[in-house]
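Structure record follows, encoded as structure tokens.
Chains here go by letter, A, B, C and D, matching the order in which they are written, and residues are numbered from 1 within each.
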Amino acid sequence: MSNLDTVLKDLVIANRILAKEEVVDAYGHISIRNPDNPKHFFLARSVAPELVERDDIVELGLDGQPVREEKRALYLERFIHAAIYEARPDIQAVVHAHAEDILPFGIAQATPLRPVIHSGSFIGANVPVWDIADKFGDTNLLVTNMAQGRDLAKCLANNNVALMRGHGFASAARSLIEVVRLSVYLPRNARALMRAKMLGGKIKYLSKGEIDARNKGYSPYSTETWRAWEYWANKAGIGHLLTRPDGRPVHTGKHDHKHDH
Amino acid sequence: MSNLDTVLKDLVIANRILAKEEVVDAYGHISIRNPDNPKHFFLARSVAPELVERDDIVELGLDGQPVREEKRALYLERFIHAAIYEARPDIQAVVHAHAEDILPFGIAQATPLRPVIHSGSFIGANVPVWDIADKFGDTNLLVTNMAQGRDLAKCLANNNVALMRGHGFASAARSLIEVVRLSVYLPRNARALMRAKMLGGKIKYLSKGEIDARNKGYSPYSTETWRAWEYWANKAGIGHLLTRPDGRPVHTGKHDHKHDH
Amino acid sequence: MSNLDTVLKDLVIANRILAKEEVVDAYGHISIRNPDNPKHFFLARSVAPELVERDDIVELGLDGQPVREEKRALYLERFIHAAIYEARPDIQAVVHAHAEDILPFGIAQATPLRPVIHSGSFIGANVPVWDIADKFGDTNLLVTNMAQGRDLAKCLANNNVALMRGHGFASAARSLIEVVRLSVYLPRNARALMRAKMLGGKIKYLSKGEIDARNKGYSPYSTETWRAWEYWANKAGIGHLLTRPDGRPVHTGKHDHKHDH
Amino acid sequence: MSNLDTVLKDLVIANRILAKEEVVDAYGHISIRNPDNPKHFFLARSVAPELVERDDIVELGLDGQPVREEKRALYLERFIHAAIYEARPDIQAVVHAHAEDILPFGIAQATPLRPVIHSGSFIGANVPVWDIADKFGDTNLLVTNMAQGRDLAKCLANNNVALMRGHGFASAARSLIEVVRLSVYLPRNARALMRAKMLGGKIKYLSKGEIDARNKGYSPYSTETWRAWEYWANKAGIGHLLTRPDGRPVHTGKHDHKHDH
């Protein structure tokens, strides 16, 4: 149970980081698969990520429905998460967001969104674009049922990110810390690629080998990954909830000088 | 009378949201038709939206003039509001603003401003551009009388937004919460379209069917619409004035854990 | 003397406004001609505008030198101000700044910077570009003597603004409040024009008649001009120094409800 | 020893300035050669620059390894600093950062990054682009050993800045204050050049003579250079650590009126 406690605290931290880094605003959400039951996942009820507290977190099944009685309103698009968990046993965390900088790539699809900066490697070599209209015709563009969720998951396939035309993106990773990292760097990579296009001339993308080299060695708690997580958590004012995997004291920001790591 | 009290509180909230979201700055304004008298509307006196308080609100007639004696200076461009209320019995709220991101579309009219992102659907399928010079020749570009206001209202026709060349925009909706929402998302949609153009290639706009699907079912208090209103109000520091239509307690931000909706 | 007291307070306010609105940063300055002696002007000593206090203000002659003994370091480029006051008896206030958004127009001169938005009318119909290299060859690009200042003033001629290639701009107006307003709107107009160019197609500039209509009637204290000055002063946290010309109480911002104007 | 005390305080200030000015974020670092031993340099341990305190600073040798026993994690890319100090006896301070605005120039190399604004002169006439793949094939793009560091230093040659393709930049200068200044202005120059390109037409770069004129006379403590350092230090909230070279009191920001310089 103590592991679950950490998982829920990390989910609160993750919500606050995505809000502070402007990946999400009033809308957008992040979930984590239940480490004790792969058929369930945790997602906040319908509230802005910036305001998510522990009590807001709801446990849902792979059909997108809450596993216990739940009176409070849920995110309409929880089916994005459910369908990706269903299709991808390897995935432990999912983000859906509308981050502005990636929108053009879903609208003007002539320019595929690919890594051009080293921190963008986490988005993966291929970022497909999903258009809900292809299968469902005219809709309100929201993924509000499992059929739509599954179609999105099918487009995502084995990739890390799928852009959702005129809407946003869905990202998926092997850990919470990695899905947050990739979601924070996705807009940054998009900005760099857009500006490179504006400069004109040949663009040097990261090679497949470079993307693989950066992805090698599964370690969500490497020093460099932890440093960003800790930095972002403190920046979001939620550093006090941090849990280091090795039990060492946590650095809670510039007012704490007793750090040792 | 209690409904009027809520209406005036909501107008204060709306002013503060538009200021915080940078739709307006020192200039720009928002009004609401008097629910008890369609020949009148409420608009602040001439003060920056960020500073609007209840006492600043003035009641005007459809000729743009105050219905009671009023010594304080009024917005020069109140005729935008008056003329739109006069021409459009369906409209209950109006915004005029200079939001930077929409200005290029009024200046370089070769690219019509149309919805490209789902939250941009609220601007409507068609956004006409009004040029005061067409009928009035050289002016100071401000709408300072009913003749100019009516010409703008005629250009707006049955649409939700009209761009005002070299000036800003006027938006109109069936409720205050909806005109705020569309005015906040209008610049965001403009940015997405501009960036899509910069990427180059074919642009996928929202279809008429998608715009209609998102507009279907008049509900300014749906959970999703309310969530943005509440989120923006709290962000603007005015959450304490919020009134939920169903009487349930209001979430006043991250320091309040007693929310239940 | 009380008029001089107001003049110096206004100069402090103006410095803070330009800093807050990001027209200036560590560098940049604003001056006002001495209303009691046209051969002198007031300019702060060499300190960031954000930090300017009353005691920092120095009185200089039209040769750019202090009129009293002055031990503290002065702005190297005070000669911009001196030369413009010397050449233009109509000018009462001058700004020099490096505001980022105007820099491209001095670097890529194929696109003249002209008013495209109504608030941009104050920059005037023509904005010449001055290149120090034309007359002085290779320099450090700073205007550090009267010869350079006079060459810049000659380029400025009767216009309101001259861009300084690879450096920034110099603006001049009939009053402090007007030079601040034009300097704040200059970058905004530059952004709108740049974005209009990026959209492509024909650009509609303000006509000469529109520029003139907006400039007609010299009134630095019209309600609309005052509203921006007051709004910006409060935003910069310096509202307590405001002086209304008509003696009415000053609105010091959202914490003051006792306003009546 | 008192000089060393100042050196370490300045290094803390420099870290905070680069963070506040958004040249660095969670990643990025700055070092200074030990004035008492040119074979050593000072660099913080692996922590975000925004959080660097005196105790975080570690002394390293020109092999990138700590000179004393050090348990705490070090920056993986400290070899950038070591190799540049090894190759360039004239260099006393080095920065490595990922500042967004320069990234496009390393990705789309058809447009060389050259000074176009006067404050950009400090980046030097030539900014080479280093691509780690040229010599090392597919890597994770990080400079994590001396071989890679030396290859980067070779590309840098006698220049002030080298862009690192898809990664960021490395800058080097004769003093800490100068490397901070050039690193802060590098992104600003990049933005101006990108926008000039977007406007189209011929671009006027700074001439070699202008760059030299601005670089003439080595004086990291000239009034203008000091003014920016002091301004940035205060802006970063670290002004209390400032040391003026002439012993005069330090201006600690807008709450301190006892300044005299």
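Please note the rule applied: a residue touches a chain if its C-beta (ideal position, glycine included) is under 8 Å from a C-beta of that chain, and two chains touch if they have at least 3 such contacts.
Since the model is a prediction, treat every value here as computed from it, not as a measurement.
Note on connectivity: the fewest chain-to-chain touch steps from chain B to chain D number 2.
For the pair chain B and chain C, the fraction of shared interface numbers is less than half, so the two copies use mostly different residues to meet. With centres set at the average Cα position, the gap from chain A to chain C is 46 Å. Chain C and chain D have Cα centroids separated by 32 Å. For chain C, the set of residues touching two or more other chains reads 197-198.
Taken as a graph of touching chains, this assembly is arranged as a ring, one closed cycle with exactly two partners per chain. Annotation, chain-chain contacts: A-B, A-D, B-C, C-D (touch as defined at the top). Remark: chain D residues 25-27, 46-48, 50-51, 53, 55, 72-73, 76, 98, 100-101, 103-105, 107-111, 131, 133, 137-142, 165-167, 194, 197-198 touch chain A in the complex. By the touch rule above, chain D contacts chain C in their complex via residues 115-119, 121, 188, 191-193, 195-204, 206-210, 212-214, 216, 223-224, 227-228, 231-232, 234, 251, 253-254, 257, 259-261.
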